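For reference, the structures are reproduced in the following blocks.
What follows is a pair of complexes built around subunit A, which joins subunit B in one and subunit C in the other.
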Partner chain A sequence: MLTFIVRRLLIMVPMAIGISFVIYLALDLSPGDAVTRMLNPERTPDPARLEEMRRALGLDAPMPVRYWIWLTGVVRGDFGNTLTGGVPISRLLLDRLPATLELSVVALFLSSIVGVILGTISALRRGTATDSILTVGGMIGVSIPEFFFGLVAIVVFALHLQWLPVGGRLLPTYDSYWDHLPNIIMPALVLSIMMTAGVMRYARTAMLDALSREFIKTARAKGLPEWRVNLLHGFRSALTPVIVLIGFRLPILIGGSVIVEEVFQWPGLGSLFVQSVRNKDLPVVMTIALLTVILVLVVSLIIDILTALIDPRVRLGT
Partner chain B sequence: MALSDIVRHRSHLDRRFDRIRALEEAGQLTTPTGSRALRKFMNNRLAVFGLIVFSVIFLASVLAPLLTPWDPTRINLRAISQPPSWDHWLGTDKTGRDVFSRLLYGGRVSILVGLGSALASALIGVVIGCYMGYVGGWLDAIVMRISEAIMAFPEIILVLMLVSIVGQSLVNIMLIFILGGWCGIYRLVRAQMMSLREEEYVQALRTFGLGRGLITFKHILPNTLGPVMVNITLSTAAFILQEAGLSFLGLGVPLSIPTWGNILNVAQDLSVLQNNWWLWLPVGVVISLFVLSVNFIGDGLRDATDPTQQG
Partner chain C sequence: MKMLKTAAVALLLQGSMGGLAQAEALNGNPLSNVLVRQAIAHAIDRQLIVDAIFGGYAVTASGLLPNGPFKSPDLDDYSYDPERARELLAEAGWDSSRTLEVVYYYDDQITADLMAVLQAQLADVGINITYRLLVGDVAASLNSIPDDPAGMSVVTWDLAYGARAAMVMQEYFNDYGTGKASADGFPGSAELDALIAASNTETDPEAAKLILMQIDDYIDANMITLPLYYQQMYTVESNRLDRNGEPNGNEQFNYDWNVHNWTVSPDADGNQVLYTNGAPVDYFEQPWVNLGLWAGNKFLWAHMLGATPFLDGVTGGDLAETYEMSEDSLTLTMTLRDGIMWHDGTPITADDVTQSLVFALKTPNLHGVVASAFNNIAGAAEYLAGTADGVSGISSEGNTITIRFAAPNANTLIAFTQWGPLPMTYFEGVDPALIQQAPFWQNPIGSGPFMVEEANFGDFVSFVPFADYWEGAPQIDQVVAWASADGDVNMVRNAIANRIDFAITKVVSDIEAIEALDFMRLVPMDVPYTRMMWINQYDK
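Now for the complex of A and B:
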């Protein structure tokens, strides 16, 4: 087990460093540097003074040294400052993180539970009208653009019926945390739609696979009632692959939240990302991209380890 | 108890089989001709539905100049934000441009971006995948690591990151899509190559002294085309969704070029959402229908070409 983890880390860490280097390169090659941004653009700066400031900031060092300084900063959680406003990026990220976590966790729970239930029903009713309707429904779910789904939801529930607010998260008029419950309903539902469809598909396949096994026949032969066979024997063994696969939905969750946050003006990392791309604030864009990749790599490592622990059939050698 | 006494419940399948038997006895049953995969595809109702919807939208976009007299980019300040009428089938937008014409011409660009990027990334993926899968070695290991690194990015993060570096243009968007899209097909083809190159028929070809290129591209590649075609359809759907999302955010194809996403860009405005439904609803429905049809086609292709997905 230990060799397995070490081997995976030996692949993962160089890859993360490689990605960080490419990202730093893009930052470094973009026009302008920290000094030119600090100066007043109205006046032509004195070249000697510019050089002095660059030296003071360590910008005259060769590229590998500057990369090392940046990398050690990143490891300590210091990502530098934003171009627009000069705020430390780490503080900005921490401000936005809770909103994104809240939305992602709710959407993840919702889509996993609904997806697993629908997928199981679909597998148990294989070949019937229910199965076809659910399958086609899943296809429709992945085909509608998330933002369009969001727009329709806003028009119906916010503008016409006026049941839910158009967007936003914590408004100053709110007294308590629970007051913003209505705000999260629409973004969480819209974010869940695409993932639910995916989870449903996986769950259906896993359940069908489990139901075709010998131990199901044994359970039936013992004379157990059908619901016991399906739920206690089939469903339980189908659940493991599904839970593992839900972990792999993370990139879809992150990608989806970028657009959904923007549609519903949800003040999370996704809308920060879009806003920074609009303002051409490269340091923020690159930092978020780098952290996302590292998160995805770490989660996939954890899933691999968990799979190896749960499933004895997984060979650790490769 | 005699065997004939057992009464079996007759399902709809029995009735269908009876009909086929009756046809056979009447001598009306012909032996099917043509490709087996094609027959399976045409028997899949959803796939045929997808093919029809796809063709209608595709042809309407290609034949746009014949179907609408309006120029999609001509501003007409005397016809601003008009609801649908006999002249303007889907109304006009805030600068008086005809929405129906923008929908058709926008379809050209959106389909070009989706299908073009998918085909180009498939081409790159197939060529690299064939070579690396058959030859292997350190180059293969490096390309594999690169593809893993690219695939570690959630698609939209990668695309937006690259957009912020290279800037927005139609060509840039397509290049970015291709950069992110070749990995999937590359890995698929590579895996197929690696298993097929050990097959006996390949060994036989090698004994005959056939060259590497001939073996990989002429004798192994055709066996991987089914999954590749499925992958092309699915990435077409994904690219069209991404282009729409990016352009909706105003970060995709420049706003001066009509695309489905760019038409929807105005829907960020709440008053447009509430008052001018014709500016966003028809386009959104068309995008959804088109992506759905492509997905149905992809599913049909998978069922028709993949022997492990029977029934």
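Now for the complex of A and C:
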């Protein structure tokens, strides 16, 4: 296993560089640059001043040179500054990451636990009213967009009942970190709904698949109690694909949820990413993209390891 | 003397209306035929657009200049007349199999609806259009001016929907100059060039007004650009806010709004907290770009001179206690007030002003009107060209700053109502091209009535009164500005939740929503903001 892990880790380096280069190239090929995005299309600035600005920002260099400068900076741990405002990107990430993490960790935790439990119940009660209700609920959860849930939640809980804040993460009146817990509730729950529905549907299918296997019949034939058959044998087997699904959702820890962040005025990395793409602020986009790529690669490795640990039939490196 | 001068200008300009409305296409592009352009104008029912799409919260336009003192009585309003449009098209030999491409850059539903309406109305007279949203480098996609003003069009579009928000009326027309990079699609004319030049150098307001009217008449008669409607701006205010008699004005720019005299009903703790929007997401924008648009600009900065609410005059000094423009409009002298301070408690000096002026010359995004006035300073051209180390026209002695100009400029004084110095000690070693990238903009030290208390970028910025503000400390205890972009999508929601006391909007759905709230009020303002259709008349 150690050889497998080391080999995978070594492969990650050229993969991350290759993917980041492709992203940089794609962004660079789209029309305009950070300077043109700073302009008001209804005004006509002095072209000489703009060229001076491009030179000062290093945007006049060829694309491979700019990519190399960015990459070598990242290797040294220097993510650079935003093109539009000169803000150190590391500081920006540190400012935004807590907002994204607290939202996505809560949502990921809730959706994983609740989704697996409801999916398992749905599978065990297959064909009953409970199963139907959960299945319809799951369909609704994955079908209705997050912004709709978000807006309904705001209208009901913030504007009518006035139980929760209308949006935002911090207020000037907050003295301690815990003061803003009420602000987390709505966005985290809304983000959880769609994720829970997805996990639930996946867990139900995996559980049904597991329960139809021969080893389940064997376990029942051996006279094991039903709860033991279901939970120790069926559930353990069904867990593998569910873990894969949950694992591949981990990158939202970095990327955040753009829609939920926009609806709830939540200053996370998702909205920063979108804003930076709009502004063609390549250093910011590339940094977030690279971190996401690395997280995906690491998660994929962890999933492979976990799968092997859960399911003895899986052999790493084969 | 003034009346004589005005009359003389009017007489001189009478001849400029002579070469109007040639009925033949000037090149292979049918839109170079004025009859086709006039037909398009007659084919569009602007009143329907205003009523159906904008819910009545706009005004149909005739001429580019807004309604009010600059409105020429000689404008043709091109009333909706599809029959007349068909006649003009027939006279022009319009080929109805041709399809025109319309582009726009507002990514909102109202604009998409507008495009559909325009498509239907133009189809009714035999003009087919397709339309598409411009994305990416919008400015370059709009700029239709080839290197050779008589050359082929460098863009594919035929009509472009856009807007002009002007600080001064000359801004409506300056881009129509021959060879000037812009979206107007007009190859230029010597007559119009002369009028534009005159409008920029005429310092007598009445004479300048006549010239501006002449330009609007010229563009209107030749239908060089099709004005569609004037959009009103609304100030959104809660009933908690009391401006105590201080005026409403064009909130996109700086005027004597005297926010230090405003009050807000105290909260449960007895504090007067004003909630607004427009706080920065990642950094404060430097105030020489969008002038009075953002919360940071409005509350943080004082300016050299004061302006009337709609920027049609100078009220007096702001940081400058006195000012004097010479008879020939070539020398401006301003004397700073005694004891004026930056928010860090250091004095605002004449050196700050002169150094800021020199620094501003090389900043890339300086507002057009300010840039036009500053580039006109004697020695500025040499400094920018690198042939001089300083700007010969800028000097100071004690508290007095003297600025000499190379030529008269109609908007010099207005430019100084929108511009104020920066504390230059914080900009040592900063390349002017990278002014916005300076660390200063994370926590700016300003000169206005409020100073930054706390900046939680992306969430809110808190401003508190500056005790040493020269007009006296504000009465409001705290200003909390929510982070937002232009056209804040969360403004209505925040208003319903009692988190907005002051904001501005031009968004129809927001206006309708705010109107339904009994604890909020709307103040409509006729600001110079014209939505129009640029017409590409270059050869194709």
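As a convention for this text, the second predicted complex is superposed on the first by the 216 of 318 C-alpha atoms of A that agree within 3 Å, B and C clash if a C-alpha of one lies under 4 Å from a C-alpha of the other, contacts with A are read in each partner's own complex, and residues count from 1 in each chain.
Operating definition for what follows: a residue touches a chain if its C-beta (ideal position, glycine included) is under 8 Å from a C-beta of that chain, and two chains touch if they have at least 3 such contacts.
Just so we're clear, the structure is a prediction, and the values are computed from it rather than from any experiment.
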Query raised in the report: Given the touch rule stated above, what does A:Leu124 touch, subunit B (first), subunit C (second), both, or neither?
Result: neither
Query raised in the report: Taking the superposition as given, does A:Ser30 touch the first partner, subunit B, the second, subunit C, both, or neither?
Result: both
Query raised in the report: What is the contact status of A:Ala197 with respect to subunit B (first) and subunit C (second): first, second, both, or neither?
Result: neither
Query raised in the report: Who does A:Arg96 touch here: subunit B (first), subunit C (second), both, or neither?
Result: second
Query raised in the report: So, does A:Met53 touch the first partner subunit B, the second partner subunit C, both, or neither?
Result: second
Query raised in the report: Touch check for A:Ile259: first (subunit B), second (subunit C), both, or neither?
Result: first
Query raised in the report: Which partner does A:Val166 contact after superposing on A: first (subunit B), second (subunit C), both, neither?
Result: both
Report task. Applying the touch criterion given at the start, work out whether A:Ile154 contacts subunit B, subunit C, both or neither, answering first, second, both or neither. Result -> both
Query raised in the report: Regarding the shared-chain residue A:Gly86, is it in contact with subunit B (first), subunit C (second), both, or neither?
Result: second
Requested in this report: Would you tell me the residues on subunit A in contact with subunit B in one complex that are also in contact with subunit C in the other?
Outcome: 30, 154, 159, 166, 262
Query raised in the report: Can you name the residues of subunit A that touch subunit C in the complex?
Result: 30-33, 35-36, 38-50, 52-53, 55-57, 81-87, 92, 95-96, 99, 154, 158-159, 165-172, 262, 265, 267, 271-272, 275
Query raised in the report: In the complex of these two chains, what residues of subunit A are touching subunit B?
Result: 11, 15, 18-19, 26, 30, 136, 139-140, 142-148, 151-152, 154-155, 159, 166, 250-252, 254-255, 258-259, 262, 273-274, 276-278, 280, 282, 285-286, 288-289, 292-293, 296-297, 300
Report summary line: Interface with subunit A, subunit B side, in the complex: residues 46, 145, 148-149, 152-158, 160-161, 163-165, 237, 241, 244-245, 248-251, 264, 267, 270, 273-274, 277, 280, 284, 287-288, 291-292, 295-296, 299
**Report entry** Contact footprint of subunit A on subunit C as seen in their complex
**Finding:** 105, 136-143, 162-165, 175, 180-183, 281-283, 290, 362-368, 371, 384, 431, 433-434, 436-439, 441-442, 454, 456-460, 462, 478, 480, 482-483, 489-490, 493-494, 496-497, 499
